[in-house]
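Both complexes below contain subunit A, partnered by subunit B and then by subunit C.
Now for the complex of A and B:
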């Protein structure tokens, strides 16, 4: 049983690796974005008292580069119209005939897509950013344990993200038209994940909302572990929270999927 | 021109057939720049100012650029999605008609849902203007209008350039989004906060500086002499469309149909 999900994962993964030119264009775009963002923050920090800020400029710079490099790990919606079309055109019927669990099947598919496109994109950005002159350079993590914790939390964050995004796909069973609601959910979710500005720079009242939601565990948390902004002990307990979120989200997602499938009306055609 | 209005009304009516989807999308378009603007607001709340620029000054800049962007995305969408026209070979049909290709491609698609985005930036504009201590004169209002217009022309020019590339590559190019989305993101702050090479590139190659910096100085009374020059600087941004159109014509001459 596990093998079929594994081979689907491999298939999708290799498929994603084929789009190298698109990835190159993406890298160039992300690189430019990163530079622009850093210049903006530099300008903000130039006149401010850096010590009184919750994050230092090098930490912000590192945060931005990681964000650009792992963009496909943190975007809630990753250009995948295929699953939407399955539902709206009625081809979902074929998927239902397969002797596999639909939730796991889709989960593996989405996970593989994100992993392959991140693999293509992250190393050129990270290497480039590494060699940039100060203040644009990516600073390495303070020690080896921070790096290890970063990798663990990043991967867990990815799993949490995919399980959040599953809800978007499940919602299409009810709404049939993904665009409107999806757009709003994306915008809010990505803001709360620290995509627009890093979470520590948000006002306190907003941070209080952010910490009780799962979004920040996908991006903000691993990135700050990398730069050492979140210490060793806090990182360990954070990883526990990530695990709890992951389990809850997957259980809820499976439940929602089952509910949706009992009332699914296959669109003809 | 009459033809353009005809195109407009036909496509508007066709999009209005899907009314709910239209309103939902417009609402979504309202919220996208809102989240960016919220980020900007929170940054100012924490840092107070940005190299001597206050929040409302930057908000004015933000509003102008986003207005320009949403307008050009609405009206120049045809160029943005031009690659499908080339890949499917439908561009051949445009070539045999006795009207200019630019007009026909423009008329092939409009994205009216950008009204949400436009509305958001208009609100920001009004809010910024109400809080800025600027004594508005007729010339300043004209400059403001010119800034938006100039921005529309620059974004449209970039869309045209990106579309021209399709004659050679057949597919759409993601790289173009550096200058459209990236340009928008860059230009929502005054140009002077950036490094030298960015400033030079976006003043002399793609003249965003004529939209988000030089005329802004005039409106905020920060110029030292030669006011008029600053006031009409957005006109230089409008000129940007001319080389773009020339390159487009060059591209059309080199067009080889995919034949399908």
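Now for the complex of A and C:
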């Protein structure tokens, strides 16, 4: 049984590695985008009293570089048009006569895509950022445990993100068009994940909303673990929260998927 | 093996009249109509049968196939196939069946056919030995040798369809559902597909349910047909019986030489109709219930010198057309 999901994962993963030029273009874009963001924050920090800020400038810079390097791990708008087409054209008929759990099958597929594109993109950006002159450089994590906790929380964050994005695909069973759900998930989800501004820089009332939602666990949390902004103990309990969210989201997603499938209409006869 | 009992299915369809006013009205109040796709469909199919499932467009053929393959859930009725209720025990059930939708594709567009096959092998958990055997048999009988390494997007429709059929049989299913497998194929590919279906039915005992609009498919393959129209089951019977019951019209072509002074005259027998005639040939339709062929020949041979007589049964295409007319489809 697991072999089929593994096989799909491998096929998608290899397929994703084919797109080297796209990855190169992406790397360049993200590199410049990261530079611009850092310049903006430098300007802000130059005007303010640095000591009173909730995050130090090197921490912000590191946060931005990680965000750019692992963009495909954390952006909700990374979409698989193939899945949307399956649903809206009715080709889902074939997907449904396979002896596989559709939720797990799609999950494996989406995960493979994100992993393969991140694999191509992350190391050039991280290496570049490492060698940049101060204050643009990526600072290393404070110690080895922070690095390990970062890797764990980043991967868990990826799993949480994919389970959130599954809801976009499930919603298409009802709406027949991904545009609306994509837009909503993008704008709301990415802001709440700390993609636009890091969560510690948000006003208090907004932070109170953000902590009860799953989005910040996908990006904000692992990046701050890396920079040491979130300490050892807090990181461990955060990873527990990630696990709880992951289980809840997957269970909810499977339930929603099952409900969607009982009322599925195969489009186009 | 396959038992359908009182299966009904309806779809909710949103509709509005044309025009701006109605479009705005539909924003606030949507009108739906229920389309009854299937109404109380019951039949049973024995192992090893090839059944032609026919009906005009929109009759509910594909809907029935989708219910039988566990994709759609019917509103009411029961369905037992191989001991499973398809939509309840979907994952275990679909391991036993193969499905081909002629208008859709299950192969991965960007990769060579063999990659899709390998993925299907893992999805269905086919043992390496069984996979190799099946693949050999399929490549040989469907003539896939040259095309299996080619990306799907570069295949012609006929080549692709042969691969689609092969893909549905890699896991040695007991039942094969074919929804318009010959749609858009040229004569050579059609014959290849038909031969193949016959082969796997004979050699492996695969039960085949086939929907098609090409009556040659039915004639070449199916011993039994089930006909539905507007969601209702209309005819379920052996093709031969159907032909006896409805295909009683025969067409005679008579070549003759006229005797001097005696002309060919249309025989005045009931149920006999001369479509056209000239001084050396006549085409005559005979309703074999009302008049016997031999009587017609007797009458003509008394008028003219017969050179050649050919008698053709009514093609199945026309029988079906008559049936559609009879049921006002």
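Heads up, the rule we're going with is that the second predicted complex is superposed on the first by the 267 of 269 C-alpha atoms of A that agree within 3 Å, B and C clash if a C-alpha of one lies under 4 Å from a C-alpha of the other, contacts with A are read in each partner's own complex, and residues count from 1 in each chain.
Just so it is clear, contacts are C-beta pairs under 8 Å (C-beta built on N, C-alpha and C of every residue); 3 or more make two chains touch, one makes a residue touch a chain.
All figures in this text were calculated on a predicted structure; none of them were measured in a lab.
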Partner chain in contact with A:183 - subunit B first, subunit C second, else both or neither: first
Touched partner set for A:11, first subunit B, second subunit C, both or neither: second
Contacts of A:46 with subunit B and subunit C, given as first, second, both or neither: first
Partner chain in contact with A:90 - subunit B first, subunit C second, else both or neither: second
Partner, of subunit C and subunit B, that touches more residues belonging to subunit A: B
Touching partner for A:3 - first (subunit B), second (subunit C), both, neither: second
Subunit B versus subunit C as contact partner of A:101, first or second or both or neither: second
A:119 touches, of subunit B and subunit C: first, second, both or neither? neither
Contacts of A:202 with subunit B and subunit C, given as first, second, both or neither: first
Residues of subunit A defined as touching subunit B within the complex: 22, 25-26, 28-29, 32-33, 35-36, 39-40, 43-48, 53, 177, 179-184, 187-188, 190-191, 196-197, 201-203, 206
In the complex, subunit A residues that touch subunit C: 1, 3-4, 6-8, 11, 15, 90-91, 93-94, 96-101, 262-266, 268-269
Subunit B residues touching subunit A - in the complex, by the definition given at the top: 21, 24-25, 27-29, 31-32, 34-36, 38-39, 42-43, 45-52, 173-175, 177-178, 181-182, 185-186, 189, 193-195, 198
Residues on subunit C engaged by subunit A in the complex (per definition of touch): 11, 58, 62, 66, 69-73, 90-92, 94-95, 97, 99, 101, 103-106, 108, 110-111, 115, 118-119, 122-125
